[in-house]
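Next come two complexes built around chain A: one with chain B, the other with chain C.
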Partner chain A sequence: MKSLPFSQADEDAWHETLRRRELRRCLISLAQLADTVQFTEDFVIETPTILARLIRVTAELLARGIDTTARNQDLEQINTVLGIITPHLRYVERAQISQTPWSIVQSAERLLKLAVGSESHFIIRPSWAYNYSVIGEFASVYREILSCWPWFNIDEWKEQVGLKNNESIYCISFPRIEKANCLLHANWGHEVGHILVARWVAADFGTVWTADESQMKRRIEDQMKKNPPSVDPLFKDMVIQEAVAEQMRATMEVARQGLIELLCDRVGIHLLGPAALAATMEYAARFAMDISPLQSSNYPPWRYRLRKMFEHCEPDLKDYTGVGYPNIEIAEYLEWLKVGSRLSAASTDLDVIKSSIITKEAYEFVSRHWEKAAEKVIAMLPPALARPYRMHENHDVIGKLVLRLKQGIPPNEIAHLSGQPASFQDILVAAWAYKIHKITKNPGWGNSDEYDLLFRLVLKGCESSYVHLTWGDKIDGEKL
Partner chain B sequence: MQSRDNYITMCCKGLACMELISLDTRLALFYYSGRNRLREGLDGDSTGKSVGLYRGVVMEDLGLVAGLFKTSSILESAATALEKLAASKKEEISSAEKHGLSWSGEFLSAMDWNAQQPPKPVAGGLALQATSVRPTFYSCLFRMAPKLRDAGMHDQRQLRSFLSKLYTTLVSSGGGRGPKKQKLTADQSRLGALLLHEMAESILVQINNNGLPQPTATLKDEWKPTSNEITPVFAGR
Partner chain C sequence: MSTVSGRGLEKWFTRKEDPLVVTPLLSHRQIGESSLDVRLGNQFIVFRTHRFGIFEAIGTSTSVQPRRSQERQVIPFGDRLALHPGVLVLGCTFEYVSMPSDLECQVEGRSSWARLGLQVATASSVEPGFKGVITLELSNVGTVPLTLMPGIRIAQLVFREVKPPVYNPYSGSRKYRCPIGPEFSRLQDDYDWVTFSRK
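This part shows the complex of A and B:
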């Protein structure tokens, strides 16, 4: 049977009817799912329920808009928004107590909030992908998207969501198979760096890019003109311009992503010192060191990243014999780090970067702006975190925590009479020092029982430290 | 090497333990299947939009998605307004659409390297957006080649003249009082609206992939024209 094609108006009407019906159904279903997740799951912290509410309210108001005020031309956009927000519900669902290393979540959140501001909320959840990542910020993105439609009642949405304008929600993910491996969770320092670096990118990257763009464009264009393509006379110059535009965009993306990742590494190592360095080294050791950013979603080569981190850690890699650094408990760890620093002595990553005009231009841009950008990002941290964490300044405390681990005791209080909780950073560095000590003494160390014991002790140490810091004074003042 | 072996051994052991746990989990899921519908199929991260330590997920951030969405939405609204202009329904253009027209004019002028640059310098944010969307602008123009020819454009001079008039009309929110030769005809307005619509649609497809699965990050990279020194974009021409 051969049927006649629709007229344009008929096709539009057919699409509209179907789109409205199906979008309404999906939005209502999403709102119900969000409601179920919000009220039936158990979470360590409140943030997952806030995100669930954000999704529910958004879906409910969009469904109502579909019935009443949404324009035909916006239906495809609403469908795109549905596609964006629906998967966010999985962040809520995976943040249940049973899915997370719950004993570390509160102390980690405390440090994260201290770094980026108490108005930021965090979801910490596992992902099956082997990766650490941060996603967000949800509230402002939803607000920005929904504000595009004049028919959407943004004030009602704000009221129902109940978040203040400066409140924000982020989700930090960790690899599911590393749930208990709190040593590797030192990578969270890098992830929280993304929040600060995003602020720098929003405020400054455009300005520094615009200042350098015309020079970079000229050099890329010169190279392109050496081998011009044959073209349609209608687009004679434009074909070259399109090719240059593609390369300029690629250069900007490589430069932007490169700067972002390097700056996040800087924040991570600033906050957590050699624990962040060790976590990155172990993570990176599984991959190739010198892959071009063009082959790896614009990320810098691992060797380049490690080199920058080692540069920052240099004060910790020296010996200070006058103050007994390194003490015996951390000497093997320090030696392991020094051996690792030889990775950054090779320049094979730089050769890869120089081999393409895109990466060459991008990394020259990175070098030109690195120092100033790093300074600005670190300046965003509050005074309590303004100084970088240094192992050599805390070596006594770390040594005592390592001794506790050796005795099978959670690494919290430095001494039972001191009454002072250990810091999150000291606990993680001590855990790394203990692990490297064990591996140095016996390269075969590390069966599941041995790792399990280490992870449990460290998780318990973090939890005790959090409880101690939060309620220690109150408990101390009461007669038990 | 030792570190790598050690680490991978530890992860494999962890994975083996989880396989055991998952038997219990599966039973629990069966029992609670009504409540836990979401667990089915929503766990993969391959379509997650996040930034992270490494490239295991698609490397877009939500802010970028929001920015692209907004750009697409404004261009679409400007396309609608331009169609109203072509249909002599200027009075029906809303104030939001007028804003969309002038913003689109500034945006296109910043994107097109042949356009006469506006007297005030382009702000950093707009310049970044222009760098991101510029290849889309050129590819939309290339796709419209048959329609441009039908409209009587056969060389670059004619094309530039049309684009220049389009930008002037947009920047003035459709109400320019300049000389008549600087004004768009109704057909040209429709052509301009088509260009804006094509761009809006192309940007939206970058976000939603038109309902199709996203390629994995690695495969996508392999096909990026910039992943090596060849530029496949010319191959079909």
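This part shows the complex of A and C:
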């Protein structure tokens, strides 16, 4: 039997009924999944459950809206939103205690919150990709999307989610295979930098770019006119203008991405000093040093990035014999850093940058605005973190922590029975100093047992120090 | 061997060579007259009894079975662990201990907990030279469930001087090296298991 086609009205009605039923079912499933994850999994910090609640409440209220007030024309958008928020649940799932280096998650979160504000919440989760990254912000995006629908009760949503308007949620990822390698997690300093740098980009980048734009355009045009494209003279000017516009767009992307990464590096090294530098060096060693930004998604060459980091670490690379810096425990680490700084003496990255008008203009722009931009981003940090972390100012403490590691003791306090827990930064720097000491003494050092022991001691050190800092003073009020 | 008093421990705590380290001590009050209180860490090993019938310490799957039959749990500081009657859970001290070559210690329960039915250690001797957190075999032999919280004072260490100091501290068994959490049973590593095992 041949069926008759729907009338348009009938088809719309049929479509709507089916859509509503299926969307409602999926949203309820999502809410149930989020509920399960929120209430049955174990997390060392609260943020994963906050994101789970955000997803659950959103799904529940959308499902209810579909039953009652949602307009037909919004159903397709609801489907899109469902597609966007469902995968967010994986960030929650992967933040379970068993998936993370939980011993340092609390210490790290404390530092991250201090850097960007206590209203920011962090999920720390592994990713199978070998990459550190930051994703988010989630809460404001949800709020913005849901506010677009007049039928959606945003006040009820806010009340149930329980987040204030200024509260935000970010997810920081680390490579799964580096879970225990807490030394490399000094890269989290760079990632939290993205949050601050995004604020700078939103506020300032447009202005500084516009101020320089006409001059850059003129230079690119001049370059283009020297080597004009071989086209019919009738179209020459038009083709040149198009090519210049394209090159200007590319220049802006290279400059913007370059500044972002370099500024994030600056934040990382400001917070974690030579631990951030060492972590970046080890990470960068996997890649070529002088890849053009045009061939690497606009990222700056590693040599360029390391040079900027070394510049900032300059005060730590000097000897201060008057104060006994470097002491014996960190001397080999300092030497290793000094040798590493020779990387930046070569100018092969600059040659690569100069070889194209796009990267040349972009990096001249970066140079012109670097100091002021870095100053502004660092000024966003709270007073407690206004001063950069300097190894030479903490060398005495670091030396003591290295000594503990050498003795097979976690580096959690400055001296035994001192009652003074070590800071997260000091612990990471000491861990690097110890590792470099071992490698210097024995280049063959580093079998899995040796690394395992180092990681365990550092993880325990971070955890003990966190507990000590958090509860130490409250334990019957008696200091040692 | 005589028990070292709290004041007597000062000598081991402060000497430069081969000191006694118990870190961190959150309160000076943990050092008692003749013992040192230690706190409960936040890592536990629970038995997955649904995964096996009888625990065979030796056999074809000896290296795998302990891990399959036990499971690590982390209870964040501030949260609680319920220990039900008749249940054995492996826990550990929060403090990391480094024993000198001339001290050994016994892990003993605190009477306040014992009166509620909590046993904290059965393999209670810590040898000279040991470094790590101390595994505690927590079992509730009472009749009511007990709530435990990481950070509470759970056990006490009673130190005794070893004379003469041991020549090669903690060399007899390296099965448990610098642990930072409770360790799975490694009974299968015992050198004499095979001797008594009839093929």
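Rule of thumb we're sticking to: the second predicted complex is superposed on the first by the 391 of 480 C-alpha atoms of A that agree within 3 Å, B and C clash if a C-alpha of one lies under 4 Å from a C-alpha of the other, contacts with A are read in each partner's own complex, and residues count from 1 in each chain.
The criterion applied here is as follows: a residue touches a chain if its C-beta (ideal position, glycine included) is under 8 Å from a C-beta of that chain, and two chains touch if they have at least 3 such contacts.
Computed from a prediction, not measured in an experiment: that's the story for all the values here.
Participant: If you stack the two complexes on chain A, which partner ends up touching A:L453: first (chain B), second (chain C), both, or neither?
Facilitator: In the superposition, A:L453 touches chain C alone.
Participant: Please indicate which partner A:W471 is in contact with in the superposed arrangement: first for chain B, second for chain C, both, or neither.
Facilitator: Once the two structures are laid over each other on A, A:W471 reaches chain C alone.
Participant: Name the chain, either chain B or chain C, that contacts more residues of chain A.
Facilitator: In the superposed model, B touches more residues of chain A.
Participant: Have a look at where A:P421 lands relative to chain B and chain C in the superposition and call it first, second, both or neither.
Facilitator: second
Participant: Once the shared chain is lined up, is A:H190 touching chain B (first), chain C (second), both, or neither of them?
Facilitator: So A:H190 only meets chain B here.
Participant: Quick check on the complex: what are the chain B residues that touch chain A?
Facilitator: Counting only chain B, the residues touching chain A are 2-4, 6-11, 13-15, 17-18, 35, 37-39, 42-57, 59, 61-63, 65-67, 69-70, 72-74, 76, 80, 94, 96, 113-114, 122-125, 127-128, 131-132, 134-135, 137-139, 141-142, 145, 148-149, 153-156, 159, 204, 207-208, 217, 221-222, 224-229, 231, 233-234, 237.
Participant: Chain B touches which residues of chain A in the complex?
Facilitator: For this pair, the touching residues of chain A are 33, 36-37, 40, 73, 76-77, 79-81, 83-84, 87, 89-90, 93-94, 127-138, 140-141, 144-145, 148-150, 171, 173, 176-178, 180-181, 187, 190-191, 194, 198, 202, 205-207, 209-210, 213, 229, 231-239, 241-243, 245-250, 252, 257, 260, 280-283, 285-287, 294-299, 356, 358, 439, 443, 446-448, 451.
Participant: Mind pulling up the chain A residues that touch chain C in the complex?
Facilitator: So the residues of chain A touching chain C come out as 42, 44, 97-98, 102-103, 106, 407-410, 412-413, 416-417, 421, 453, 456-457, 459-460, 463-465, 467-468, 470-472, 475-476, 478-480.
Participant: Over in the complex, which chain C residues touch chain A? Could you list them?
Facilitator: 13, 19, 21, 23-29, 42, 72-74, 76-77, 94, 96, 98, 131, 133, 151, 177-180
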